[in-house]
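Before we start, here is the structure in question, set down as structure tokens.
Chain nomenclature is as follows: A, B and C, assigned in order of appearance, with residue numbering initiated at 1 for each chain independently.
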């Protein structure tokens, strides 16, 4: 039994005047219906391009895509553009970060939902409008019958994101990808939207991918988590694996960088030195080695040889030269005590 | 605001320009009575026509003519010039307004016809260029567009006349104006050259504007959303992309059309079309101040009208404007 | 206004740093932006961006200002640095009233009071080198430096963790975090006493955020700086602040020591905010009960009367719609503007956010 969504060694490269941009350079994961995958990474880690690649929206002149994307038994990388277009919006849908710029300013919210519905369902405008009102109601917009004729700019930020979700869900997709769905929202509204997404996922039993830089948001929703760095998947595992048994130094760095409300404040944060690499100039060997405090431990290998993504145990994948036992010892003895001391 | 500017301009043309140029009231009057008249007749005429009144009084009379009409004492009797009265030509002694209105259909036919051609070609070229940025079509059409913007109308006009009318005999004589209501085919045949040459000039600008707008619009988030819905690319471009690009095109269109209606001076002169532009040229060369002012006013009126219509269309196109 | 002015905001100083006269003192500060309509610009209302707030900032401390968009926190920052002029109330800096001081007279004071902005890119002129950007304050203020401007700038670059040899590079050659460091270096050029940082790290990646937060803390210790940090991220504010003020629709609804604000938040809004923050602890998510606020923040153009939070508050009663609650001190240094505060001393309410009556959406 193959998984509902199975991505194998996905690569998306863009040739530019400055060189080949390896936006996505080896991403592997799988996802079942009813489950949520969180993709975490900093800017330029390739997390957004990965999701666009799944939907076949990676466009741009001459993007090279390789690898395999299996959705419900169908391979998408080799499929025709027209076929993938037919799946978009129907079988897989997407929610974007900033609902103000992601909705067309000249059409009413209702029109945009109606359009999404009618692309894949041969129904009259009136029927589609009824459906749109129904969807707006289901995502918690008050007076949906009246608001259906409003324009996006007449909505508040939170309401717009709800409308965006209504649009994405209008054709009952089996895979929903949310790219930073709450980043543009205030924290109380973010909580509402996260609750809504959790409830709707249960109701629709869809597979959900949530892309974010916020480890808190990921922890709230995800069953599995994929950590990306420099276009590569560097760690993949269950939420428990990533938060309680992380094995990649970058993941440790992310956890140490983040001030947390659920713990006593530490004197200092433990940031990762340096900055994320530019995708044109990804460091050779392990992409993380210039920032890795443990790069010395594996000697020249860090600079010369790219580590492979290897399973440590029970579906927990890590891309690191250090031996699993060494990583676990470091986590238990050096990292965890510092992160968790009150 | 524009109205205010127009009033200042007319005021300047009619009353300040002659004085700055050193023309006395008698000089002005002499233009009405002809060269043969003696000094006394001229002087009487100047008094009769009120050229000796203070400038502000004359201007008041002129404005009054526009809104309620004035009586004009032309010597043998008094003639009533009904509102809106733009005064009388120095040369022909005819009232200005009817003269201009008679020429309006010609200018209108030329401008609107050209507008249809340039909007269709310009916008279509711009869209295709934007979608195939860097392609052969893009570079070719942008090259042609550059030529279109740089070549003056009297060059393209004369060259096209020489080729299509004189050498090939494909089109009729442009100067032979036939109203649309009489013979639509001849009307179009006679006007096709001015349309195309004028459109060539304008289409270039529209192509470039549309191309730039489309390039920007197609990278907007909402275009990505439209694609994510599974919308066919054609609909993405036309329904979502072009719609948002049209706003600046509309602005430019309103101004261009307004300006053209006020007199496509070069085009009409090149093709000897007896339209408003030609009228303006003749008026200026004859130093016929009432005519010049009449044309100025009419041109301004068209620009104001065009702007008004554009503003109203704006609200139709962009719902965000409706609130503000 | 509602606040008794005779009592300084912090009677019970817990930090040694906080003593004597406040460096910055704000009393009943207001900023109403007029809303006009029609041809004659008739005023039809006012956006009450900041509507009567009072607080003190003492030398060496960090005051955090948190709230959601539209709460007036950024306007507050611009008012105390006099980038905007208040429409009411008083702003005192080092005992001097700067509320309506002219720009000319403010100029020497600008040396002591600097601002750090959110977007490290748009606040740096792309056509100027880093040397010119960081050195600009010296030239503008006509400050003489011991070994020339260049040396001074290079020292600053080193101080904020940049390579001094990058003096001649342009902003676009730096990453986001480095640009924010450039901004900070510029801010520090004239050795200010007070720095207002408006969302200093919110545009940065997580790993870079931590670097800049640490840098700000190191600089504070090294240079004896005083900060007002404006941010929407409650975790960052907790990490960096000594005291925290929570704003809602142009008002301060709660102000307290960091520890007591986060451990025993009294205003229902603060409780809701804290319980809304996603916690990076997947095992804890099942047992966590969240206070769900309904709706969005109302428009500051027409804020609800009396207690502005009553439209979204699950504890609201009649009195909340009629009487504005004063910002009263309920515990040592902990002031809150609420008729029915949570966690108040002597009340039976249990502490910890989110345990009582979650409102269903």
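Heads up, the rule we're going with is that a residue touches a chain if its C-beta (ideal position, glycine included) is under 8 Å from a C-beta of that chain, and two chains touch if they have at least 3 such contacts.
Here the structure is a predicted model, which is why all the values come from computation and not from measurement.
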Pairwise touch network: line, ring, star, complete, or other: line
Centroid-based (C-alpha) most distant chain relative to subunit C: B
Once you find the CA centre of subunit A and the CA centre of subunit B, what distance in Å lies between them? 56
Return the distance between the CA-based centres of subunit A and subunit C, expressed in whole Å. 31
In the complex, subunit A touches subunit C at residues 42-43, 140, 156-159, 186-192, 194-195, 213-220, 222, 239-240, 243-244, 253-262, 265-266, 268-273, 275-276
Subunit A partner, complex, touching residues on subunit C are 68-69, 175-178, 205-211, 213-214, 217, 232, 234-236, 238-239, 258, 262, 272-285, 290, 292-294, 296-297, 361
Taking the touch rule as given, give the residues of subunit A at its contact with subunit B in the complex, in rising order. 52, 55, 57, 59, 61, 85-90, 93-94, 96, 98, 101-106, 108, 115-116, 119-120, 151, 153, 167
Residue ranges of subunit B touching subunit A (in the complex, touch as defined): 134, 220-222, 224-232, 240, 243-244, 317-320, 323
